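Naming follows writing order (A, B, C and D), and every chain is counted from residue 1.
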Amino acid sequence: MTPYIHKVNYYETDKMGITHHSNYIRFLEEARIDFLSQIGYPFDKIEAEGIVSPVIRVEYNFRKTTTFADEISIETKIEKLSAAKLTFGYTLTCKGEVCGTGKSEHCFLNLEGRPIIVEREKPEFFAALQNML
Amino acid sequence: MTPYIHKVNYYETDKMGITHHSNYIRFLEEARIDFLSQIGYPFDKIEAEGIVSPVIRVEYNFRKTTTFADEISIETKIEKLSAAKLTFGYTLTCKGEVCGTGKSEHCFLNLEGRPIIVEREKPEFFAALQNML
Amino acid sequence: MTPYIHKVNYYETDKMGITHHSNYIRFLEEARIDFLSQIGYPFDKIEAEGIVSPVIRVEYNFRKTTTFADEISIETKIEKLSAAKLTFGYTLTCKGEVCGTGKSEHCFLNLEGRPIIVEREKPEFFAALQNML
Amino acid sequence: MTPYIHKVNYYETDKMGITHHSNYIRFLEEARIDFLSQIGYPFDKIEAEGIVSPVIRVEYNFRKTTTFADEISIETKIEKLSAAKLTFGYTLTCKGEVCGTGKSEHCFLNLEGRPIIVEREKPEFFAALQNML
């Protein structure tokens, strides 16, 4: 898997001169979408399959600040996978040092918003995820 | 009409220590939605009528910077109204001084994305807008 | 303490039609700043005292979606306070139901970025926080 | 000059299912910073020279909507350059069609916020800009 690179934009900094903490949650989303694309499931394909996978929990631990023009490299992993829930783990590195770690939990819904059992209803997608554990 | 107040959030500042310029376009949207609500057309009512009114042009002129916790007062006016187009004008004031002015132009579409003649198809909405010229 | 109200802006929604999950982290910041202001420590006073209190960890648990124009009421509490760390807890309510809960952890630094012992160096601020436990 | 590519993020869409209009102003900033970098003046070098160049006016004309995962190609040009002011023009293309055009005007200040005559005080930077007219 290729790590995802986010180059910090000027508008992502705040008056402390650093990347505003809320933006890291957006970088995690970018990295997750890129990860799913790399395993053959870009978002449009997932939606075409009739699956949505909303965030039900997110956390982020800050170790070092970053700022404008910094290149943040994000490694995404699948940490847990069950019939009902998917957990991603993220490690963010900048200038050779870990600057933060994150986690996001997701459930699986159909387009009407009802929970689905991915393993049964979309076995190929489930297998692709399981393969990355 | 009551001016709309936006209090600048910390996350709206940038590393120059001021409100990032892109955010003013968002403040204009907030003020416009508040204005439409004040004349009896909150967004949900407009959508329920089957009208969308996307931005086709926007401009903003910066006179003074603002920063975190500043209260920006926004006066919204309808500058032009025709069968096909609606132009809003905005004056932003902070600490008693004009800090910027803006303009946004909008067309009228139905929910399928086709242009509509509001004057004919939604005469009451058109009258409410015309009344504010 | 008065709960903080955030009315969801149009630009805070995403193509799923709901408030984008990253924005809740921003709403927590708004609520926290309001809370500190209510206990007599608006941000400019804290900065004037020479203290910065960056986020070192944040989490958010999603229970119900919200969308444009929803009024989210946020109750902020101090959950933990030690010499080196401050933890806020947040409960978000919309239309009478809890829509999510959050937590943020903060350290205390001086303006040069070095950790400070707030209890010793800024006893009045520490007492104000402790008083809210 | 290489056009700048912005791939639309999920969090940049709104409940209409399209890229929220305010984000284009951010894409212009990204493209402008990339352009300056390409002509040998990355932002940190400009700041190191003691110049800031705030936006004093911005406009954007929308022709076609874009949405999540679209690749927007941005061509940046210097449209006008005078002792006191710099104007950039932008053409945004998506899927082979122009989706919008923009313009931003900037003044030149020193780090204390006073206007400077770039042609006299920073002749090399001025020449680099003039060379792109």
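Heads up, the rule we're going with is that a contact is a pair of C-beta atoms (placed from the backbone, for glycine too) under 8 Å apart; a residue touches a chain by one contact, two chains touch by 3 or more.
Treat the numbers as computed from the prediction; the structure is a model and nothing was measured.
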{"item": "Touching chain A and also chain B, the following chains", "value": "C, D"}
{"item": "Chain whose Cα centroid lies at the greatest distance from that of chain A", "value": "B"}
{"item": "Pair exhibiting more inter-chain C-beta contacts, A-C or B-C", "value": "A-C"}
{"item": "Computed distance of Cα centres, chain C from chain B, in Å", "value": "29"}
{"item": "Centroid spacing, where centroids are CA-atom means, of chain A and chain C in whole angstrom", "value": "24"}
{"item": "Shared interface positions of chain B, touching two or more other chains", "value": "10-11, 16, 22, 26, 29, 68"}
{"item": "Footprint of chain D on chain A - complex, ascending", "value": "9-11, 26, 29-30, 33, 42-44, 68-69"}
{"item": "In the complex, chain C residues that touch chain A", "value": "16, 21-23, 25-26, 29, 52, 54-62, 65"}
{"item": "Complex contact set, residues of chain C against chain D", "value": "10-11, 13-18, 20, 22, 67-68"}
